[in-house]
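Take a look at the structures below.
Next come two complexes, and both contain chain A; in the first it sits with chain B, in the second with chain C.
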Partner chain A sequence: MNAIGRPSLRSLNQEGIVFAIAVVLFVAAAIGLPGFIDPNNLVAIVRSVSVLGILALGMAVVIIGRGIDLSAVAIMAMSVAWYLQLLNTGTPDGLAFAYVLAGVLAIGLLNGFLVAYADVPAIFVTLATGSFVFGYVRSQLITQDAVPVPQGHWVELLGGLRFLDIPIEVFVFAGLAFLFFLFLRYTKWGRYIYFAGDNPVAARNIGIPVRPMLVLRYVLSAFVALIAGLLTAASLHSINTRIVNSTLLYDIVLVAVIGGIGLSGGRGGVRNVLVGAALIGILLNAMTIIDIPLLYQNLIKAAILLGAIIVDGIINPRDEQTAQQGDI
Partner chain B sequence: MTFRERLQSWRYNLVPDHLVGEILTKRWTDNAIPFLALVATLGVFGSIIPGFFKLSSLQESTRQLGEFSMVVTGMTVVMLGGGIDLSVGSIFALSCFSAVYVFFILEQSIWLALAASLATGLVFGAINGYLVGYLRLRAFLTTLVTFIFGRALFDILVTTYAADVQLSQAKSDVLDFIGDSTFWGLSVSVWLAIILAIITHIALTRSRPGWHVLAVGGSRRSAHNAGIRVRRTVFMTYVFSGFCASIGGFLIACRLSGAGPGTGLNLEIMALTAAVVGGVSLGGGRGSVIKGLMGAIIVLTMTNGLIRLGYGTGTNQMVLGIMLAVAVTIDIRWLKNRHKVLNEVYVAPVYLKMGETLSAVPGSGTPYALDNRLSAADHIGLGELEGPEDVILDRDDHLYCGTRHGEIVRFFAPDYVRSEVFAHIGGFPLGLAFDKAGNLISCVGAMGLYSVSPDRQVKRLSAETSRSWTSIVDDARLRDPNDCDIAPDGRIYFTDSTKRYDAHDWALDSIENRATGRLLVYDPRDGSTRTLLDGYRYTNGVCMAHDGKSLFFAESWACRVHRYWLQGPKAGTAECVIRDMPGYPDNINRASDGNYWMAWLGMRTPSFDLSLRHPDMRKRMTRRLPQDEWLFPNINTGGVVKFDDKGGIVEAMGDLTGGAHPMVTSMREHKGYLFVGGILNNRIGRYKISGADPNWTSPASYWGAQP
Partner chain C sequence: MKPIRTLMAAATALAVTAFVAPTFAADDPGPAAYAQALKGKRVMLVPLAMGFDLAQGWAHYLKKEVDAWGGTFETRDPNWVVDAGAQAITDAISSDTRPDVLIIHAPDLNSYSKLMKKAQAAGTYVILVDNPANFPADAFVGSDWDRLGQLEAEAAIKGCGENSSKKIGLVQGDQANSSSLYQYAGIMKVLDKHPDFKVVAKPDSNWDATTSRNVTTTMLQQNPDICSIIDFWDGDATGASAAIRDAKLDGKVFLVTTGGGEKAADCDKLQDGTYGAVVMTDLARQSGDMNAIIKFLLQSGQPAGTSHTYIYTLEKATTKADLKPESCWDLKALQAEAAAK
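Right, the complex of A and B next:
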């Protein structure tokens, strides 16, 4: 790994700390909670974080490039909901999938265009497009909150697919993580993301196509969201669009930030996502086993995310003299 | 005139293109877009929803508007301070719950409920403020997380206590009054929102804490360096936002007599959209409470209107998303490009066909024929001076001139080697004149008319004239006071060359060629300034005729000299005495032989004259080319011309080598010598005039012999 992409000593520490916490939590849960160490439960943990982890991969790429994608969950749920709705109303599969791909691409391009070429802060763009995507699909394209997968469709079969008794989404997560690892580490475009995230102006000055690369990241994130949505629909046999209003989006940010991907961009990688996902997976599973109600789980997650952001703010403090105007 | 030229002259002289640029310079254009959006929204929904403007229907919408606009007011203040508060929905909901809990479950008085509500909001706001202000976390993400936190807390509380609230028997007249009654046709919440908005507006625009908020939002770094307590100011904005949201929450608790899972849902994105749609800038510093309120009305009308039109679930989010994206994009692009657009469209050239002129080529036999005499002038202050636009000598033969650095420099007689700064004014002192008492009167570029007494006291005489009703740009301000002269009765006649450009942008005025130059008079008896003549192309030099009954003034870009009558049958009118000169006239001064000296700052060229007949070409030029490559009037060659009372040309001289006096903006005759200045020159020239009266001085000519 060359010098620029290497996590700095500080974030290495954070990653290490988080990893240690995850291990301690794991050991504690294994000792203290009945049924935690059970192989089925372990598979369940991995399975439960798979979708989260996949979404976090897309988010990680955007955050490393000094952006954020708040529309990820809306794209994930609504694209798949629209796809299933098209199928249920008799649209040929290929055509329906082409529509959805085009829609996802369009939203990714729109996000990227507004951020890269109109210079609008990513946070506002994606907040607005997320709201738009949910509202548009919910009010114009689908008829109810939850859309079921048609009988015998490949998405349903995907959900039942097992390999060595491990559900397919775990392998998809593993495969995607490996692909992202290769992309970020060994490809030119992957390296560009770090350069642009670290110092966009300098990256532009040395001739990196910063703006097209920005667009690429949002398109990538949108497609990752689509994959995550398909996997969700596969395991649940339907997609519930209310998920957009849940805290899933913040869980994704939580996984990325807690794993040590700095919000100011330029540092972190796939390993951080894995560590973050491990911690959150263990935590969620443990809370479920202890039987903490969902509402309280949200409270706890919010508190952890707040803590993670405060730590991130203390580790990477912003200075009055160098803080960017309007960088909110 | 060809048909094409006639079309061009109609197109560019009759269509007021310049108004676009002038409107864009106004700060209220920032408000115009949201205001038009407001009118459009109300118009559209008012016309397609029957009974939209009926009192009963307005009543319900305005109640909601009261609560909502309070939240938006808080959000506006946070955004003005450079932050953002996404937790307003949670604060709103929690405050509502606090009030409900205290009133319905603890069965305490409504005032205690209000106190609980406010306390909730203030504490929550203080947490946000501490995190964002003191720990300097990212406002967006931090308040997003506190929003989730608050929402989770509210959901837990509401599910726990919902049944108890339902069963409660608590009642209060005050609560019913706040929730349901109206006061002069408006509900209590609207009155409270209006009061809050007024107080906030006054605080922001007229108090120290308010200015601090705007300063921090406008430039955090500068505010920090100026000693403003940035962190505390940011902290206070969040506390204020929490306060506003909590009042809103209390009001909705009164109105609905309870709290439900839907309380305050999506409020944060609605408030954010409202503020941005209203024109409150992201990143801070620009915006106002009024803008926030306009945005609030737009957003609420849109969302309520769509619900009443029967659009289903999700439509609100769709519309909010579109509005937010569009408004944010417009805001960002507007801020980024406003000055670029302004620069592009401000120059609005007009058509002018210059008259045929006589040649000024040496040996051409015309009275204008230039020669090389001025190159023989001695130099004074070479290398020490920058920009002596005008020169003047006093009764003791000392020489005065203005400089680019805002000073009036005095060179001492008899050899003019020693010099001192006579007075520092600032601006760029241009035309100079001595009044009867020996005060030095100066037209200071971009500042106004100033007087410097012999003991160096600087006094402003005039910086404005009366405002004309039809002008969009503020034409009361003197933008380019250029030259002045003093009548025997002490009144000071002076020119203001252009209303459209500041003094240093005189070259842009030449390209635009719009007639906005004025002749003004300052009356020292009552200190008033009046506009005498308007609509000349760059009025420049002014000189009182020898008999004091009229004055001459130059109109630079039209190459004309006019005579304005102070007395006699033609008093108050101007007539053109010299037209179609080959050079651009500048200052005019008296000569010892009863004639007048006139400076030429540059010479007309066929190419620039042609470009004046092609306003479209000049417009394209100013928009598409960098300024270095524009076609400007030639100011590399100038000269000095003597003309008589009737406007006849007596002689002309110049410096064709360009070595000493390429551009001449002023000359002053004194005891047989001609002192020559140029605004872009680095010296004053002294030229011996053959045959001139060796005892004639300008102060004596104006005010008589030494008393």
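Right, the complex of A and C next:
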């Protein structure tokens, strides 16, 4: 199924198509745009999609298990905003971090519990918990949209960390991608996620602990969001909760889906996230170098996504199975 | 007990005579007319969101005055959502407690025009603050964004100096908000007069700090010899400053931005060299202008929508060199003051 580089057109799926588009864009930009191929620019490209990619990894695991986590961006922004607020009002660092960890764990558990045991569709549960997290933290726990990192705090120092002149986010993204790859590919629970996503009822019948695993996935996604939030604050020396209203959430889903992770579950992996993130990163960087206004950037991004989906639809027509199962 | 009671009676008598006796001195008709026109009137502020420095500052200064003359001050928090703001305005107009003055921070040129017309028709004075809109409000109080852009460009040219690369980068907001469009127009007016200075890139941040960081990184990658960057808002200029820091160009790129003059957001960052210059709004004075026009409108007796006044706030580009303790206002101090009450 996954056919990067295989010559037959028949076996070219969406991941392959998107990968091909990314390569074509990369080559074109390298030839046509001065400074694009510069190593520093390439690092900047990877960095610009690191946080997006990290969030997409968490989203990917949830989607493969046939779910979706719409609370990811709210958890990312609000957990870190609350953490920084606690620090700014004089709470000891260890205690503040413990509070935030507990909060993130609680929201992950709540998401998982409501989806797994209360059988509420994931899209509604996470939409609601996302709004709740934003509303509660914004109204009760913090006083401002933007919360600064206290001077000299480790989060600020984290943002300045470089190895070989490469920002820390890139390594965190690479490390997490590798861990997720190992988890999905080589652990029992990782493999089970595919079974559960492909056919939850059958997975349950053969004795897979489908429900506890579901809870685990939402907890995982929540923790990944916290990491993404800390990295954002590290780089900007503050976190702005306005990001919850932005299109970031859709971009996360876009990265996962454009890379070829089907919303119907059971398909895809870390490689798909990397391909999706690469395309978005190259595209945004090239358009910024050409100095295309934001309105047109969105248009071009959407056109390429539509193109990829249409080509996928032509090359891989819907079969009996997808017709019965349906997408979201 | 008896002597105390006697004493109190005597004091009361004395107080009564003290108030009654100089009747001729109480003839100034001003205070009575003022109180009669203003007492019990309702003022409502609908900003883009209540969670940022400008809105919290306005609310603080407005509430202080409105409370003092015996009115009711309320705010609504649309939290950057245009629809929520429209809903808040609609509800306010049709409620039993319709505000007498509605202060609106418009998200763009057109969204609220119809609602503002409705408000005026219902008898509510409409004051636009900060962002202009295509609507003849009773008053506009805020920045002349074109002039503000000119000040930014002049600061950038000065920050670059004569012997620099004379390359300037812009990080715009978006292509819909009047503050972004007029700011750009103002900047270009000044740069047209200085043809040796060139704008090498002008990406949009969409008012988001991460986007601002990413586009600035690319901009500096392409033009490492940029001498100045103008970011259109201090809310996202933290991103541009992070990119400059990451490119190890601190002190080489003169970052200019604009903001509400809040201490942590603007003055502290001028002090530590993050920003080279900030065109700051004098928030206390701007709020004072609003207070004055509210008092005028409520006493004027004219129907809503009769007159159209523009009150532009005096703007100034502040650099580290002319930073004074009173250059900024302190949100934390205002919050502490409010909490102490």
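Keep in mind that, in the parts below, the second predicted complex is superposed on the first by the 280 of 328 C-alpha atoms of A that agree within 3 Å, B and C clash if a C-alpha of one lies under 4 Å from a C-alpha of the other, contacts with A are read in each partner's own complex, and residues count from 1 in each chain.
Following the convention adopted for this analysis, a contact is a pair of C-beta atoms (placed from the backbone, for glycine too) under 8 Å apart; a residue touches a chain by one contact, two chains touch by 3 or more.
Every value quoted in this text rests on a predicted model; they were computed, and no experiment measured them.
When the two structures are aligned on the shared chain, A:N285 is found in touch with chain C, with no touch to chain B.
Look at A:R138: by the touch rule set out above, it reaches both chain B and chain C.
Contact with neither chain B nor chain C is seen for A:A98 once the two complexes are overlaid on the shared chain.
In the overlay built on the shared chain, the residue A:A302 is in contact with chain B alone; chain C does not reach it.
Of the two partner chains, chain B is the only one touched by A:T129; chain C is not. Which of chain B and chain C touches more residues of chain A is settled by the count: it is B.
Legend: residue contacts after superposition of the two complexes on their common chain; A:A118 is shown touching chain B, with no touch to chain C. In the superposed model, A:Y250 makes contact with chain B only, not with chain C.
Within the superposed three-chain model, A:I310 lies in touch with chain B and out of touch with chain C [touch as defined at top].
Residues common to the contacts of chain A with chain B and with chain C across the two structures: 138, 145, 295. Chain contact summary for the complex, chain B toward chain A: residues 82-84, 131, 135-142, 144-146, 148-149, 151-153, 155-156, 159, 219-221, 224, 230, 269, 272, 276, 282-284, 311-322, 324-325, 328-329, 332-333, 336.
Within the complex, the chain A residues that touch chain B are 68, 114, 118-121, 123-125, 127-140, 145, 247, 250, 253, 263, 295-296, 298-299, 301-303, 305-306, 309-310, 313-314, 317-318, 320-321, 323, 325-328. Chain C makes touch with chain A in their complex at residues 49, 51-53, 56, 79-81, 174-175, 201-204, 206-210, 213-215, 217-219, 221-222, 235, 238-239, 242, 245-246, 264-265, 331, 335.
Put simply, chain A touches chain C in their complex at residues 34-35, 38, 40-41, 44, 47-48, 51, 138, 143-146, 148, 159-160, 167, 232, 235-238, 240-243, 245-246, 284-285, 288-289, 291, 293-295.
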